[in-house]
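Let me begin by presenting the structure, written as structure tokens, before commenting on it.
Note that the chains are named A, B, C and D in the order they appear, and that numbering of residues resets to 1 at the start of each chain.
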Amino acid sequence: MTVRRPQVSVIGSGSRHEATALEVGRLLAERGCVVITGGLDEVMAWALRGAREAGGTTIAIVPGELHADANEWADHVVVTGIGHARNLAVAASGDAVVAVGGSWGTLAEIAFAMRLGRPVVVLEGGPAVEGVPRAASPAEAVDLVLEAIAR
Amino acid sequence: MTVRRPQVSVIGSGSRHEATALEVGRLLAERGCVVITGGLDEVMAWALRGAREAGGTTIAIVPGELHADANEWADHVVVTGIGHARNLAVAASGDAVVAVGGSWGTLAEIAFAMRLGRPVVVLEGGPAVEGVPRAASPAEAVDLVLEAIAR
Amino acid sequence: MTVRRPQVSVIGSGSRHEATALEVGRLLAERGCVVITGGLDEVMAWALRGAREAGGTTIAIVPGELHADANEWADHVVVTGIGHARNLAVAASGDAVVAVGGSWGTLAEIAFAMRLGRPVVVLEGGPAVEGVPRAASPAEAVDLVLEAIAR
Amino acid sequence: MTVRRPQVSVIGSGSRHEATALEVGRLLAERGCVVITGGLDEVMAWALRGAREAGGTTIAIVPGELHADANEWADHVVVTGIGHARNLAVAASGDAVVAVGGSWGTLAEIAFAMRLGRPVVVLEGGPAVEGVPRAASPAEAVDLVLEAIAR
């Protein structure tokens, strides 16, 4: 049988973090990871774009009821229909989670990921949460989550 | 028609915060609020107990599939069956939210409440979250949330 | 301690079923039940109105993110934010369920209630589902669900 | 950009329907569809197996909190943590839905799919629901859903 590829959820928001998200997505795809996001704009779009452009596989988990809610970089669209509660699915679906920027929704996802024991790394510029490791660069963040998944 | 009474969700966890939760529940009930929690143990139980003992009305919003999952202080039990995603319903159902102690689940609830524009107050001892007001005592927390609801 | 009153969820839709819903709500309240609905219009409103007018307690479990989404007959509003997935909470929160009219959403609620082992009665005019008991009148439906709860 | 491949959710349960589910999964993959199921056993496993063995892509949307809850035929695992409410996500994520056998959970998924306007086809042996088209064979079911998606 095929071994399932590692899945990394990239969470966050903020247009000023898009270039960083692109880089995180690209690096994750280059390392063989499937990239998952909440499927909408900004960080959620650019992380998928980075992964797609690097030949990776991308999954959008959207809060609404339509496939068309997802950005164009999603290979597969999971339509949840459950609004902000889909943040739980985004956090839970990652074998690990990387936060790039972000606000309250991102904080909810970090909290759920920690609650469920998923490794989380927050890139500088993202929410400061006591007990959650931080990384100074996309490369460091990707290294950290891949090490965590390998353990 | 009857005017709906204010609903305040009390969130948090930790057995050392139970006496505080009891006091918060009592004060909210004395001020005419319906008290809502996630319906399980510790803070979720003692806040309902405080409200009940003061003659108030209490609602448990439980994550599992059984009414019996709720603690004995719940007048009404909302059985969601959606696991940690019920944290969204707990946060959203409050006209305001008070946090007493707590860990990752509480952080998720604070984040959702802020995302949805619900006034939140964290009692000292609860998670420190930038941008979220804090209170030094149950009385101060209850004053703050009732002022916020009145606005 | 106080014993929790029985909770009956009234589900359904269709403006031509409003008078029936009013009667079901009234009878349930007269028999001491708390009445729960999805909190919006038509059957969801009239069942709560019937219960309220009979002096009963009513709970709306709404799919959106606002308390104001609930109809005016709700004593308490549970705001889930999870869209159609709140149908699971409506079904699960009833110690028993009565269907009055209804379409696809109602069918989902009947299915969830059966899945979770909640007694269900469908009033004539509601969806025909193999294996689900039917009643010819509000009085018969209320008798059946109260007998089922008592068992 | 890449065009997203059609996604078809295969729902249902019952060990006697496994061979049919295998065939449905195989045919969908041969026609270029991504196959989605609830990710557990019986129909949910065999539909993914059929798709995988035909070289297709498979997605499991599981109700629990662990990737390991998914069967071995899932290429990608979406971990929702929301219990039976994940049935909404399974129904909504399909551009169309095929039911193979099934009980109450399947009925909830059919109802949600119809509510959201997703084309649904029930194979003979699955729940009879007024207004939902039926098919006599996997080939007919797959033809019907692909025609519906193309419209």
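Following the convention adopted for this analysis, a contact is a pair of C-beta atoms (placed from the backbone, for glycine too) under 8 Å apart; a residue touches a chain by one contact, two chains touch by 3 or more.
Since this is a predicted model, take the numbers as computed values, not measurements.
A count of contacting C-beta pairs for A-B and for A-C identifies A-B as the more extensively joined pair.
Farthest from chain A in terms of Cα centroid separation is C.
Looking at which positions face the partner, chain B and chain C present mostly the same ones, since more than half of the interface numbers are shared. Annotation: 39 Å between the Cα-based centres of chain A and chain C. Each chain gets one centre point, the mean of its Cα atoms, and the points for chain B and chain C are 26 Å apart.
Computed from the mean C-alpha positions, the centre of chain A lies at a distance of 30 Å from the centre of chain B.
Residues of chain A in contact with at least two other chains: 65, 81-85, 88, 112, 116.
The residues of chain B lying in touch with chain A in their complex are 82-85, 88, 103-105, 107-108, 110-112, 114-116, 128-130. On the side of chain B, the complex with chain C involves touching residues 1-2, 4-5, 7, 34, 52, 57, 59, 61, 65, 67, 72-82, 85, 88-89, 92-93, 95, 112, 116. Chain D meets chain B in the complex at residues 65, 81-85.
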